[in-house]
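In the two assemblies presented below, subunit A is common to both, partnered first by subunit B and then by subunit C.
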Partner chain A sequence: MGPDVVNHPLSRADGSTVLSNGLYTVIAGVNGPIEVQRRDELPEEAAIEVNVRPASGVGGICERWMETVLQSALKSIMLVHMFPRTLIQITMQITKEPSIKLRRSLYDFALMPTLFNAAITCLVDGGLPLATTSTAALAIISPDDQVVLDPQEKEIASCKSIHAMAFSANGDQILTQSSGDLNHEDWGKVADMLKQACIAAIGPAGEDTAMSNGVVQPEPWLRQHLEDEAKSAVRGKVKIEAQGRSREIRSSSAANSKDENQPDSAT
Partner chain B sequence: MANDAETGPGLTFPQDTFAKLTPRPYLLAHLKHKTPVRPNGRQQNEFRQPTINTGSLTHSNGSAVVRVGDTAVVCGVRGEILLASDIPHPPSDDLEEQDLVEELGLVVPNLELSTGCSPAHIPGNPPTSLAQSLSYRISAVLHDSHCINPDDLRINYTEPKTEDDLPDEPPKEVTKAYWTLYIDILCLALDGNAFDAALLAVTAALRDTTLPKAWWDPDRESILCSPVVSDSRSLRLSTMPVASSFAVFSTASHLKKREEAQSWILADADGFEEELCDETLTVVLNSGPSTGSGTTSILKIEKTGGTYIGKDVTDLCVRQASKRTSDIKTALGNR
Partner chain C sequence: MADTAILLPGEEVLSESLPKSKKGTLTLGPGLRHIPPSTILSTTSGTLHVDHKKAALWIEHAHGRYLPAVGDLVIAQIHHSSAEAYACSLTPNTPFALLGQLAFEGANKKTRPQLKAGDLVYARIVKASKWEDTEIECYNSSTGKAEGMGPLSGGMAFDVSPAFARRLMMGTDKNGKQKGEVVVLEEVGEKVRFEVAVGRNGKVWVDSGSVKETVVIGRLLKEADESGLDVEAQRKAIKKALKEVGK
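On to the complex of A and B.
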């Protein structure tokens, strides 16, 4: 089960999405490329600014940390060299958080994949070029040493270790945040499972739900979302073009009628 | 000087000029050399050896000065008393004992970079996002490792028996106050890898911390502390978290093919290397306090930026980190 994504809820931002999964709802907006302050300007690439606003209150040190982590992760997959000396500003507001109280670090780690996915979808919505499709997922290791993908609130609260990772379509690891009491083998197991989950979310190109080893893969939610977005964009474009054409026809007919009455000023 | 005019100005630069003009090719040339060695003379997987001094600050309960290469960090721990009656929302009974330190905020680390420690950090400026995220990461390590035993921070009082009590009931012990530890970390000089140095300074300072004997005085209804040094007791860290950071220098670019990219892992990057590396990995290992091998578990693996570090590279780094951790433990234990 992938998260619910609503496209373009903000009319004034260049791109925006509302992404909600069982734990969090995040509204993300991107503006860019826009003018950059002299101090932040980079001569050969676009500067990326990430702002994270908590569900209540103003951001503190924890939000600053998330911003720096997301900023460097996004920088590695965005084609920043295409917009030198500009700024790409991503702002994310958390609007829903888990109903039970989680320990600070669990709360933050659980939030990380949601923020990452929200950022990616809103960048796509804003038409900003990315080097690769990528997605993030969350997993925990429960006290009885089971790996749980997309855990529920209660499972997170009692977990032994928590893992947030992001992978690109070709399996490169973009982001890793693991915390808790873990050992080498368990970490490798979690990394493999998250990699599979992320790649499954991106989905194979031009194939239906793939079966591997007889296990049904989770639905490729990101692929579906992006396809839907592309379809609606094309539909919108067709509509705009159609409107444009009818306007052209109208204006040309108006011009024709003008022609009949008086000589065209242009000629 | 006639000779100079004939040959023209030399087309060779001294090393420093090369490094300043084109830092990337300079580092690349070093790493591509037949016997690769980093510009700072270290091997790829070589960490800088820390120098640790403890107890330098007389007015704090515990302190440490750590120097790792040209990065110098001083850390002071100050204990203050938090009266239980001043806690607005007393912790619920179902709270796990080990989470008490975090719930009540009994450990408050703060890292200061605005000391003029490097040209990028101007003195007197508000904390940069780097300083804030370092503070956060240190507090997260302290809380997640549960290295501070909440019992060490309690100030208990055994209530005298009253007539209402049943005769064979044991005396009731109540926590009247807690010690709050303010951990102030000042970075005096920054030459890369602030996190490892800062965390090392914090652990060294906490190991050095002694808290005076404190008790509840029922007549005055306040906490009293003993001035006698021999009465004070030192904080016992139940585990010891040690961080090891790695940076990745890569020639990967979105303008090139993926296969053409070359990458190098640099352990404990200095300031010059850090500026050229986008990808970083920090491994925090948690181990028992003794110098012996003990059981070491992974507390944190944090990686961001870039795409080079996958599962295999992380495995390699974790192995290097465990070696590093035992080195650090020896350095701490030898004092």
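On to the complex of A and C.
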């Protein structure tokens, strides 16, 4: 089950989304390319500024740290060279947080995937150029050494270690943050699972990863959200072809491709 | 009906969906990038549109900031004047576009329009580069004619989304049907006299002589944009709005 995404809630920002999952709700807005301050100006590429605003109070050291982590992750997938000497400004406001009090480090790690996904969806909404589609996911290792994807609040509070990772559509790792008591094998196991979850969220992927071992795949929430948006943008104006040939070829073995490839009945 | 497919950022446009051109060249529009030798990737999500006649393809995307492109007609606001050029803003928080002091029809050193800060002009973009300032002009520099461009006096400017502005500028097809599916201007024009200028930067300037009517037209346009009204809903809203101003 993917997060709920509301597109373009802020009319004055160039792109914006509200993204909410079981743990957090984040409003993200992006403005760009806009004029950059002289001291932040980069001669060959756009500067990216990430602002994280906590649910209450003003941001502190933890928010600054998350901003730098997200900034460097986003920079690796945005086509910054297309807008030299400009600024792309992403602001994220947390509006809902877990009802139980989490330890600060757990809180930050659990928040990271939500922030990353909110940033990605608002960048896409704002039409800013991305090299690849990418999503983040959260996993924990429970005290009985089980890997739990998309954990609940209580599971996070009692976890052995927590992992936030982001992968692109072709499986490249964009971001990895882990904390807690873990060894190298645990990390590898978690990374594999998160990679599959991230690729599944982007939708019909290569046959080698997505459909292996008969694992039930979660719905590709990111693809569904972006496709719904694209459809509503052209509603009534053009007829959408059966989602393009490229999809049919690549996803021919994917069981969930069947209903997606139906023409949109609304158009 | 155009055939369209939905792409996500970073997805490849397959070679069989590319238009065949006689010259063997392709024109890539917004949302696409070319990686030599022959890979075309999308950079944003949206529907892929192909124009086989012009061998062009682009991605249609609803939101985002207006990016200047040569040949676009825009509504610019004068920010300040310098010796050679007016500095104009096309979108908020971006570097100013330059409008030459003499880039108007029939302008010379002695007679040229005196524009103040805040004045609006209808202009065409003549230079748009990521390394230099954007340049605009209010006449066709090869013929010296204004072609409808120039200072906009009176009236009001309304902000719409760049995608809606583009729909307004699509014009009509052979059967007189609106290609962009926006009928506000035509329908209101049957009852009320007004002047209008549409800028690709998401600005619409309306002047009907009376403030009341101008505001009604502007509000109808914004409503059609923000609520995504279809043709029927637009007609309904127009009827209601015009009744309120007694037309």
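FYI, the second predicted complex is superposed on the first by the 227 of 267 C-alpha atoms of A that agree within 3 Å, B and C clash if a C-alpha of one lies under 4 Å from a C-alpha of the other, contacts with A are read in each partner's own complex, and residues count from 1 in each chain.
The criterion applied here is as follows: a contact is a pair of C-beta atoms (placed from the backbone, for glycine too) under 8 Å apart; a residue touches a chain by one contact, two chains touch by 3 or more.
Every value quoted in this text rests on a predicted model; they were computed, and no experiment measured them.
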Subunit B versus subunit C as contact partner of A:168, first or second or both or neither: both
Most subunit A residues touched (candidates subunit B, subunit C): C
First (subunit B), second (subunit C), both or neither touched by A:35: second
Partner chain in contact with A:188 - subunit B first, subunit C second, else both or neither: first
Subunit B versus subunit C as contact partner of A:177, first or second or both or neither: first
Contacts of A:150 with subunit B and subunit C, given as first, second, both or neither: neither
Subunit B versus subunit C as contact partner of A:103, first or second or both or neither: first
Which superposed partner A:79 touches (first subunit B, second subunit C, both, neither): both
Which of subunit B and subunit C A:133 touches, first, second, both or neither: second
First (subunit B), second (subunit C), both or neither touched by A:67: first
Subunit C-contacting residues of subunit A that also contact subunit B: 79, 131, 168
Touch list for subunit C against partner subunit A, complex: 1-14, 16-17, 30-31, 33, 41, 43-49, 60-65, 67, 92-95, 130-131, 163, 180-181, 226, 228, 230
Footprint of subunit A on subunit B - complex, ascending: 99, 102, 129-130, 132-133, 135-137, 139-140, 143-144, 253-255, 258, 278-281, 286, 297-307, 309-311, 314-315, 318
Subunit A residues within the subunit B interface of the complex: 60-62, 64-65, 67-69, 72-73, 75-76, 79, 81, 103-105, 108, 131, 168, 170-184, 187-188, 191-192, 195
In the complex with subunit C, residue positions of subunit A that touch it: 8, 11, 14-15, 31-35, 79, 82-85, 124-133, 168-169, 202-203, 222-223, 226-227, 229-241, 243-247
